[in-house]
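Written out below as structure tokens is the structure these notes cover.
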């Protein structure tokens, strides 16, 4: 009797598991849920969640299950184990996440060996997508904004000289290289390059900014990682009276990250940034996105470019799930994504079929005061920007030898 | 003339940075010197205090200065409770057990704050009066830095007076130099520990709030800057208020200058500097050899 | 005439303004049984620290068998045959009594740097350590931890360690301090039983011990040698009585 | 008349000393468990490999901290030195054979240990702690600045490590080779350390830890011994770093960082230092807890971990093994009233 019950229960369980499997797609998410990147992880995670919530109809009849792993830090080691276990233990169909570039670099061999689609939702070092044929990036490369801003600085802002201050780690160096290359190609001159400490802790920016101020450039291009650094940059810029000295602060959108912008207050006014997203972009998708975000996570919160990386990444995943009818196979998934077009909150995006990197618009914006809040006014736009590093095959961005 | 303004701005910036280091580190130095307790949770108290200050301003609209007072008091009280309940049990334990305990405590502080408030940086809006630039006659400089310098000087003078001129200060000095002797003189060591610990944590909270303008404020604050605080304590000498003060100024100014003129060196200078200073004076610049 | 076993000439040491040792001329002959006495703070322990090389003198020289050892490092002096006990026990508290003595013997016979054979298989070292424990009648406690031993017994371990170094000069800093009177005879017997060729300098307040044991006595006051002589001479010296013995009687 | 010589080796204390280095009945347990893990949890071998490397690293720390009493926060300097030795040689195509690579890693790390030990080991306490920490931070900064050689912040990826013994490939997804290889390396290093600590040299290190002044007074060359011990420990940490780089085919600044140095210190103290097996217990407890707790509560696992550390520190002096020892002691004293 008991045996029979067990058999029946076991049969029912097996059936249930089987039917669930037919519809369920498991997405293994690796993000730093603790440590210095916890804030970013939350943004990307919420971006993904929000897409699933807003597009519940579009996801059906499939069920997307997120399996989250904390990678803790940018050491590479924890991320590697997380990815390894997501592949071998949880048998995920798709990998997603990667805030930190070193983690994406460390994970690359496993992603390649695991033969699963891997969607990078933030990590911005340009050449990462070359490291595994299964990497697809829905975020950005440092070159997107840096290169576009170099050109815009010379042509739109009519600047002749610039000082570059950057956080001394690969994205910072990438950003410096991208900006310098296009700014100087367009007749500008970078007169000083100031490494401003590592990414681990926010330094006191005063000495670096003091040095930049003494050089009296037209522009001060700053790259710092998004987050706490940005707030300190803007404060220091204002407190040292650099605006009054006629030096414009420019940079990729990391320095006016939406989540930090309002706290900067009037100190942020006048900042000029180049980026692919900010919450004030005027398009219907973004209106809907921002509104839903505030409803979901509180009126005081705001999405930002990291959240959009997660949102668009999830859109790409849902697209693949539908295109492949829930049976995820990596080569077919890549085929489905190559040339995939999507109306994102950041405007139209597509995946470059050659590099598997994102192609998107870049917006030149200026921070102004409007209705008592800091508002990012778009003052210029470049359509369909590709990662210039891979376009021009610079250094490690050259396609890997076959 | 331009050179003069340059040097002035450098000194002002470095001294202001040093003041923040001093305010946070002084409590660590005294507790480590007095109790021989390796309190790695000190940065955690600075972080908690900073949060108390930021939350008071955000939720109740309290002004900056009252919020600072609130942060000091609440952190001092909380730390006094922790000291009586938990720390006191470990005074006779090995240093390494103390390390384990305080690191565990930091982990719990970070996780709790992350869960309750969230992982993001807490903006701490300064009053308009403290923003912008101030004309010092010989140069224009960041108002807040100048204010910090003044506050730092007031604090160090106050602490010096307390240490050198009051009964409790004399007791602390006696206990730092020779605990057994102090005990035999009838000083209530337990009470002294609690008081100093609470006061030191309160100072850390104050430093967390005052320094947020430069250093930011998020849960990881508890660990991010701990190395800097420890460097200041080691260079200044254990249990020396004036030692910590000069060490913080020295580190602040040298770090600032080197960063400005040789930014390519990154953080290497501060570490190289510490190594040289400690090899030259292993007991700290102002410490005395204890036997 | 052969040079004395240990000799100091005008040995001085200042700590800031304090002269802890002043122009000490002192001689310890081979086989001597010499006592060093003096009131608290007279500089006796400083003198021992100077002799063993824990601190370096401000001026003056130390000679061993005529050789200048003023600049010789502490460890080297031990190799030359200068061993000491401490006023307050300095033992390896969490190790066994046997291990404590083993460490000293292993250093002397040069076994200590050996890395690849187990310590317990150096039977020569173990056996010599056990013999030393027998001298101080501690074989029964050999496997106990130091921290489990009463203070008096710990003093005996101090002595055994010093003997384990095979000294020619043995400096005993208050060997019987803290030892219950019932056990102090063990220490005295152990000292009595020391090989006659060892020069022994004993520092103590215990006048019974000093007068029973010493053949020669040096009195130190305020960092300087106040008087030297046979026990009878010192016992009869009125000025010594005044500065030291009398003072003790009052104290 | 001299008394007949007694054979002291018969004495219980001498016999105990002659016995103490012998294998105890429970000592094979961790090794059997590690092998069983290989067969029982084939999907956890990535985690297992990292765990074994952490044990090895913690053992290197136990040698200096637990036995010689040198409290250091810079042990990752040697881990990193070993890792970068393997990484840079492999990336430049100079040397990629794993076993000889580890020997090179050990030599380089030992050289770093010898050099820094000669300078730093004159100090102690907080000063030594800060000096070791700053030395490590300097090395990290140097590795960051020399990005042409070290890859800077990104590190060196896709290291072409040759197959083990020319036959067994390192598979990045199913690290079976890595696991067994690391286990073997750990075993060899463990036997070395175990031999060392029961030797007269190890005995003298313990002496230095227990009472440095006394060691000076018995004529021990204290500093020379400490430096030697430091260099040996550095060599083992270098092996741990080297094998980490090989198993991961990757090396970056994280191998040199304070995070790694502080974590291994916590692990060792949690397990119990100066006990040889504390490294095993601490690494298993810490890593298993943070690994599995972080799977269930990706955002809040630190709370549980912190609680564990606090509780162990408050109630179990000297780590988890301290509890075991206290319990064993209580049983013994109760057995013999």
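The first chain written gets the first letter, and so on, giving A, B, C and D; residue counts start at 1 in each chain.
Just so it is clear, a contact is a pair of C-beta atoms (placed from the backbone, for glycine too) under 8 Å apart; a residue touches a chain by one contact, two chains touch by 3 or more.
Since we're looking at a predicted model, the values are computed, not measured.
What are the chains that subunit B and subunit C both touch?
In this structure, the chains that contact subunit C and also subunit B are D.
Starting from the Cα centroid of subunit A, hunt down the chain whose centroid lies farthest away.
C
Of the pairs A-D and B-D, which shows more C-beta pairs in contact?
Of A-D and B-D, it is B-D that has more C-beta pairs in contact.
Rounded to a whole Å, what is the gap between the Cα centroids of subunit A and subunit C?
73
Centre to centre, by mean C-alpha position, how many angstrom separate subunit A and subunit D?
38
Any idea how many Å lie between the Cα centroids of subunit B and subunit D?
33
Quick check: how many Å separate the C-alpha centres of subunit A and subunit B?
36
What are the residue numbers in subunit C that touch two or more other chains?
none
Going through subunit B residue by residue, note those that touch at least 2 other chains and give them in order.
Within subunit B, the residues that touch at least two other chains are 110-111, 114, 264, 266-267.
Can you list the residues of subunit A that touch 2 or more other chains?
34, 38, 168, 198
Can you name every pair of chains that touch?
Listed by label, chains in contact pair as A-B, A-D, B-D, C-D.
Tell me, which parts of subunit A touch subunit B in their complex?
34-36, 38-39, 41-42, 168, 194-198, 200-204, 206-208, 210-211, 214, 227-228, 231-232, 235, 238-241, 244, 259-260, 263-265, 267
Give every residue of subunit B touching subunit A within the complex, in rising order.
Per the touch definition, subunit B meets subunit A at residues 6, 9-10, 13-14, 16-17, 110-111, 114, 118-121, 123, 125, 131-133, 140, 142-145, 213-216, 218-220, 224-225, 256-257, 259-261, 263-264, 266-267.
Show me the residue ranges of subunit D that touch subunit C in the complex, using the header's touch definition.
Per the touch definition, subunit D meets subunit C at residues 6, 8-9, 11-14, 16-21, 195-196, 198-204, 206-207, 210-211, 213-222, 225.
Mind listing the subunit D positions that touch subunit B in their complex?
Against subunit B, the touching part of subunit D is residues 65, 71, 119-120, 122-123, 126-127, 129-131, 133-135, 137-138, 141-142, 144-145, 258, 262, 265-266, 269-270, 273, 299-303, 305-314, 317-319.
Could you pull out which subunit D residues touch subunit A in their complex?
43-44, 46-47, 50, 144, 152-155, 157-158, 171-175, 244, 248-250, 252, 254-255, 257, 259-260, 291, 294-295, 298-299, 301-302
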